[in-house]
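The same chain A turns up in both complexes below, where it pairs with chain B and then with chain C.
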Partner chain A sequence: MSLATFVGQLFAGLSLAFVLFFTAAGLNLVWGVLGVMNFAAGSVYMLGAYLTTSVIARLGASTLGWTAALVIVPLAVAAMGAVAEVLLLRRTYREEDENQQFMLTLALSYLIAGVVLLVFGTHFRTVSLPELLSGSWNLLGATLPVYTLVTIALGLLVTVAIWVGLYHTRAGLLTRAAVDDREMLSVLGVDVNRVYSAVFAVGIGLGALGGVLIAPQGAVSANLETTALVPAFIVVVTGGLGSMTGALLAALTIGIAQSYATLQDATLAQLTPYAVMSVVLLTRAIVGRSWVIA
Partner chain B sequence: MRSFTDGAVTDGGVALALLIVAALLPAVVSTEYVLLAASMIVTALVAVSFNLLFGYTGMFSFGQAAFYGLGAYATVLLMNRAGLSFYLALGGGVGIAVLAGALSGVVLVRMEPVAFIMLTFALGDLMQFVAEHSPSLTGGDDGLIATRLPHDLNVVVDANGVYYPMLAVATVVLVGVFAFVRSRNGLVLRAIREDALRARTLGVAVERRRLGVFTLAAGVAAVGGGLSVLSAQIVYPDVFNWKISANALIVTLLGGVGRFSGPLVGAVLLGLIDFYVGKLTTDTLLVEGAILLAVIVLAPRGVTAVRLRRRSPQASAAATSAAPS
Partner chain C sequence: MRRKVALGFAMAIATALALAGCGSSSSSSSELAPGAPLKIGYLASLTGFCSSFSQEYVKGAELAVKQINARGGVLGHKLQLEVRDDKATANVGVSQARDLVLSGHAKYLAGTCSSAVGKSVVQLVANPSHVLYVLGVSDPTVFAGGPQIYAFNTIPSATIEGKNAAAYIRAHPQWKRIAVISEDYSYGYQVTAAFKKAMAGSGQTIISQDYVPSGGTDFSPYINKLIAEHPDAVYSTVITEDTVTLVKQGLPLGLFEKTKFFGIMDYGTIDAMPKPPVGVEGYTFYPSVSIYRATGSPFARDLESLGTTAANGGAAGDAFNQIQIIAQGVEKAKSTDPSKVRDALDEATVQTVQGSVKIHKCNHQIAMPIAMGTIVGPSAAQPFAHFEPLTLVDTNKYFEC
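Up next is the complex of A and B:
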């Protein structure tokens, strides 16, 4: 492998990894705080991509249009998430059966897919990039699409924001407190319901952001739902449920490995997430930390 | 204890009544509805398989489509390639699915509940990927036609000639499952569902039981897949689609989780709803989402439970007080 290919695939893998991490981080956040495995994570990713095509259709594939899509779409979907949390999920936290919440998010995913089908139809859509983002840069002989670099930069930015947000702000402190002891937090006078709504909104918004970033990289279709959800599940399980650091490491490993595997066989490369997960889980089992993931 | 027995009698009674209606159906309705009933039989088997795991044992499987599809593909392949008769091929297909269930189950049943959901979901997706990308074996996206179905098992020639064998095979499986869940095995599974740790302390080999029921459920779903070959005559990679696994959940929830008749009643109801809604719109996702939402919010224990609770309030009160506090 030449140096140029090596560098090129590395960057392609990084951009793949960050898009993966967005959905996985959203899943982890919601799971960690609300105790809900959010099946609608794939649907909001698809919704984010579709809404991007709408925004671009209105404002044009200009820098303005793309900036607007990057800001408006995740915020709009996050707001929808907050509404869904208040209307549906909130009434179920007292139930002992956590499956009920999972099934509610499944119902949500059906409704989102149904509405998307109703509004956008069955034809796939494509969006183009503005001139500013469609060029490429040269680095060590490798041609790197500007869009890949922008995705990586945004990925780094959001990742740092997640960490700073969780560990260096009052909101993050409350979020982590809600994970540890919901009742104690409530006794201390914090409106836990608002914390839950906010966390669900952020988790949903992260998924939608991934959808915005993926929109120009291929056809926007209903298939995006599963193409996002399955790898995100695998990232979360591989990294250890609820662990942000684990999810980031797993996303990076899977993204970069898949990028290099594509050079050998583009079809088989799609099995990379399964392969990485199998290796990690088997290692965990053999080393004896048990394969029961907690 | 009385409420338990009463429930058992009604539960089995509802299932028996449905089977009798199913047997008499072709005498009354047109071919279109016989084919609808045939699809309900297939749906019901996958839902029964899901209910064995979720309803009885508390294992939320989101991957029954993996075994349903494996049953369908293996049945067709054994007929087309090995020249087996349909019934032998069905048996072989179910055997393959059982083996696959046992092998994947060894890893899956040890997973923490949420990881179990995610990985069973991923299993179906993996199978769909393999089916799509192995054209020499599966025909890829073009599907695999069952070329060697005998004349008397051709749905186009004679719908009833296909419907009755499907109903007969399904009945045998259902009787077996009923006997299983009513036996001591069924009680042990419910003990695991209620409190796995307590069951373990009482000497139940929890992991082995979970593996056993996962394997059994794989076989039941595969029977559904194998039978679907009769009415469809072709298998597509979509038989592994997660919507089939989700459908089993919706059906079971609609009818009643953890009750034997639940998935059967649910399969009939959702089958009818989809049939009539399908005549009005192709966007069935919205309708199914709304049904799922309504059931979770309004009748979390399914329609069979709603009816029973109204009939005997004492029985449900007794059941509540008997539950561990």
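Up next is the complex of A and C:
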């Protein structure tokens, strides 16, 4: 393998990893705090991509249009997530019925998919990248698309933001406290419902951000729903349910391993996420749960 | 005990006789009553993997029905279209087809974009049949039953597509190392297999064959791999929205500058690309309006009334052809009996969007031409990316009947 190919695959893998991480981080956050496995995550990702095409179509394929989509779409979808949490999910916590929560998020995913179909139609949509982001740079002989570098940079930025938010802010402190002991938090006078709504909104917004980033890279269609959900679940399970660091490491491992595996056998490379998950789960079964990264 | 066995035999014989009776009764009623509508069940994959262009199929089928009915129908029967969503899934398609035939009393079926649906429904209407099915799918095994089956194919099969691609590559013997990139489902594998078979003995080497996941969002690792292999030419059977993703991600990586790229490029797909890959050699067998408007085809002019862009309309044209072929078959047979219509269509020449084309009896394939050319940007005459110069390849030469 030449150095150029090595570098090219590394960056392709990193880009893949961070897009995976956004959806997985959203899933993890919601699972960790609310104890809800959000089956609507794939639909949210798809919704983010569709809304991006609308914003860019309206504002133009300029840096302004793309930046606006990057900010507006995750916020708008997060707001919808907060409304869904208040109106629907909140009613299920007391009963602690996981089946009910599962069915509810599944119903939400169908609802989102149906609305997307009604509003945007069945034909795929495409948007251009702004000129500033559509070129490529050369590094050690490898051609690196500017957009790949931007995706990686944004990935790093969001990862740092999540870490700072969780471990160095009052909101993060309350979120972690809600994971540990909801009742105690409530006794201390914290509005736990508000914490839950905020966490669900952030989780949904992160999922939508993944959709925003992939929209200008390809065709936006209803197929996105399924292409996002399964890999995100694999990342969450591999990293350990509720573990943000684990999810990041799992996403990076899967993304980079899949990228390099493509060089050997592009078809078998599609099995990389499953292979990584199997190895991790087997190791965890042998070594024990304490192996999970917190 | 003996009595029970005897009773069982008697019942079995009675049932068999009853079924035989039903069969003969049904056979005698295969002809429609005078003035009765000729029902066509249309399987459209409105949801599922090809939902992005399935609305086009419905538009084309509806247009054909409208036009045929406007001139009085066929043999005094007005066409009646009933559209069902097969979800591009075999069991749903079979269930819908069965319902259309048994409850809806449809004698004719058309449509689906899915070879899996097509294969299952063709088996459902297998001989002895009172239903005729016209569809456009790539899988040649759907029509493996040969002249006995009650189904006709309106698009070139994967075998013909692969042979045509091989003929193009063989015409460039200076390209010694060929890489293939395809879709990771049966269509991709079948075209690749046919291509490889047709390339045998050419002196050109197929250095790799890779399959991208259908609906995938990141093809960069695949593109990097292609470039790293330094092929003289790349043959692509990546289709529809995946073509958009491949082209969008391939442009900044220099895929089209570093390799000689050749592959399926439907007009509707390149029209949807913000930056089409100008200079790439493409082909399509879907009858987009712009290709066939230039040939003076009246069908192409009619397709423009669908509200699609002139660059588009390929899937609509395919569905339009399917309905037209059923209607022309009925007229040629002077009968609404699907068995007679099938016989009348064997070796017949039918009028389609692509002009007069021959139906080959051996495999019930309609020899639709393949449009090929170099992708160029929009021009005054054609304000969208298109092929120039455009060549219509006669596919009859690829048939082995």
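Heads up, the rule we're going with is that the second predicted complex is superposed on the first by the 284 of 294 C-alpha atoms of A that agree within 3 Å, B and C clash if a C-alpha of one lies under 4 Å from a C-alpha of the other, contacts with A are read in each partner's own complex, and residues count from 1 in each chain.
Here is the rule we use: contacts are C-beta pairs under 8 Å (C-beta built on N, C-alpha and C of every residue); 3 or more make two chains touch, one makes a residue touch a chain.
In this text, all values refer to a predicted model and were calculated from it rather than measured experimentally.
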| item | value |
| --- | --- |
| Contacts of A:259 with chain B and chain C, given as first, second, both or neither | second |
| First, second, both or neither for A:63, with chain B first and chain C second | neither |
| First, second, both or neither for A:234, with chain B first and chain C second | first |
| Contacts of A:115 with chain B and chain C, given as first, second, both or neither | first |
| Touched partner set for A:104, first chain B, second chain C, both or neither | first |
| Which of chain B and chain C A:15 touches, first, second, both or neither | second |
| Which superposed partner A:245 touches (first chain B, second chain C, both, neither) | neither |
| Comparison of chain B and chain C by chain A residues contacted | C |
| Partner chain(s) touched by A:283 [first = chain B, second = chain C, both, neither] | neither |
| First, second, both or neither for A:226, with chain B first and chain C second | both |
| Doubly contacted chain A residues - partners chain C and chain B | 117, 226, 267, 270 |
| Contact footprint of chain A on chain B as seen in their complex | 54, 60, 107, 110-112, 114-115, 117-119, 121-122, 125-126, 129, 133, 242, 246, 249, 253, 283, 285-290, 292-293, 296-297, 300 |
| Interface residues, chain A side, partner chain B - complex | 31, 37, 88, 99-100, 102-104, 106-111, 113-115, 117-118, 226, 229-230, 233-234, 236-237, 241, 267, 270-271, 274, 281, 291-294 |
| Residues of chain A touching chain C in the complex | 1-2, 4-5, 8-9, 12-13, 15-16, 19, 61, 117, 121-124, 126-129, 134-136, 143, 145-148, 214, 216-219, 221-224, 226-228, 258-259, 262-263, 266-267, 269-270 |
| Chain C residues within the chain A interface of the complex | 46-47, 49, 51-55, 184, 210-222, 224-225, 227-228, 240-242, 244-245, 248-249, 251-254, 272-275 |
